[in-house]
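What follows is a single structure, written as structure tokens, with notes after it.
For clarity, chains are labelled A, B, C, D, E and F in written order, and residue numbers in each chain start from 1.
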């Protein structure tokens, strides 16, 4: 399996509901350094997994919707805890939708697996990873 | 698959038996920066893989048993080479036992896979990874 | 000059006032990975700059006052932009006060210079550095 | 599964053919920081995946063939884009061949899976990963 | 002294003249991860060293002139070895010129010291650092 | 001021004497990732601070004397606490002696300042830095 990984980041505020979160129930924030890994079994005719430039731009555009925001005020997240795990899935879904729309070019239809990792500090991170079928 | 990773470290002395180890047969030491990655297919009701605070405390407590010690003098390791690989497995087993004891809370019973990585320098690391069944 | 550096982190929300900040005028947040470097010309009798354990605990206690908070609501910061630069100075002042109170032990009175660096992402950081005179 | 990872690097020049590469169609270059991860289900009698010293030397020797070169002039790469993905596979093939030749010692025949990752900057990397059967 | 640091990168080809360079006399290449640290004694009225957004854009524009190029063909570098040290100075001079032109805004005239570091691998870097007088 | 930094590492055992060290009074160990930064005001005729290849080899040779050893048994360290700070100075002195012996070539006589940093974990490091006069 071949893979390519691109990195960008966002800086957001949010709070959590639930005793398990302790002091993180208060309004606080995080820098998330986000890695998106795209995998496929064979390279395309150019010898790449995807156009890494477009992959980076797609990630930046996706994060721009959340960057410098209070996630508690985003309607789509109402009633949800925007944990690092949850946001990893949110970015994953956004990347899948972007590939389906053709934002990464027709070659990206060959992507078979995506992993999104959010580093929230030098000692903690979370990720979501799953196979995708872009040809359906 | 969702995952969460926490990091801590320990500083130990040890020596190895076997020609393959060359100068590492002498008593020497290492800082191990330890990453524990816990994975599961679905998040719990709070939107998390596990309570990341308890995961970090569990790892710290586990490493405290070895930290600032000469591993050659620990009875449980007698006759074994405490290689980075071996210690990755040791930490893995300790995390599994801690989850079974309930140290990470009842939600942690949903963990399906654990990977432990020990970084021994800026150019070398080792890991142990395996599926777990906490509901047995 | 000898120095010792310890690292910890905090996760906060805040907003900035001023056109120069663009979208960062909105309520957002950050993880700050904080490095405190303490320097002196000569080591103490134990062969150290300061007790690194106490230095780490002091930093953790200092960050605990801000961690998981919205800095916009902290009275001491009213009317100020809590920029990364500003917070580097705030941590610096806190470390100086802690040394004067004896939190790092009597040996820490020998510290002559302190540098505090806050990493806000993988591509940006800010710091404050100045000489100190602990014997006055 | 146990694994061991070793790191080294190479500095090369090259150019790409194809509109997708934009300015990277011009002759340019890269530092590739290369991680080779070797995995197997059980440790050998010494308690290791492979002799980490020999693994590091093998990687260094392999990279020496490309290091400080213009890849556009290497006959084996004629007509191919030496993308990060392509080079990850090239290193993978080289490691497999080295293990088959016995360069990592007889114990390395137990290796079951290899992953090679090339970091081309602080924000981008590519990898190739596949199972191997050394006992065939 | 306060400082702010921004990071970007470039990927170039070049060769060196002189026996001291050994195999690096051949055409090869490098990824340079570039850190620019800007320092001043007092913050401006907004509480910052410089507009970090404009600092990042200025660095990106500066590196764009060299990015994806063979430095051996750039007239301004004719007869010079474009070593990491030399390029650190080149970026430094470019940042100074940009501040003088007002690219970082009028507030940047308060910058008193600049350090540019180029990381060429995980084990080597070079830098150039000097005081500046922007008010002359 | 121009500077060049090279990195290597060593893995040692040792123990400390003194209550301030707490559990580190026991025999334990550390991986030290060592950065040596060499600085001078002007580059030599080749456009470099020093021959970076020879600098790296010199550091490796210096660390080889301590690597895979129990520092408590090294006569030169008898009665001393081999703290991270102390070892930073030890490496500094070794680099100065190597330059004086000509190990880095005649050009290295231009070095004016040296900083040695030892990273003992992902959250702690120590350094020694001082001016040198190689032309005396």
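One rule holds in what follows: contacts are C-beta pairs under 8 Å (C-beta built on N, C-alpha and C of every residue); 3 or more make two chains touch, one makes a residue touch a chain.
These numbers were taken from a predicted model, which means no experiment stands behind them.
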- [ ] Provide the labels of all chains in contact with subunit B and in contact with subunit E.
- [x] D, F
- [ ] Pick out the pair in A-B, B-F or D-E whose interface repeats that of C-E, meaning over half of the contact pairs match by residue number.
- [x] A-B
Task: Proportion of interface numbers common to subunit C and subunit E (over half same, under half different) - done: different
TODO: Starting from the mean Cα coordinates of subunit D and subunit F, work out the distance between those two points in Å.
DONE: 31
Task: Separation of subunit A from subunit D, taking each centre as the mean of its C-alpha atoms, in whole Å - done: 27
TODO: Note the residues in subunit C that touch 2 or more other chains, in rising order.
DONE: 7, 122-123
TODO: Could you please specify the touching residues of subunit A with respect to subunit B in the complex?
DONE: 16, 18, 20-22, 80-86, 88-89, 122-130
Task: subunit D residues touching subunit B - in the complex, by the definition given at the top - done: 1-8, 43, 46-49, 51-53, 56, 105, 107
Open item on the list: Give the list of subunit D residues in touch with subunit E in this complex.
Closed with: 7, 9, 11-14, 23-24, 26-33, 67-70, 120-123
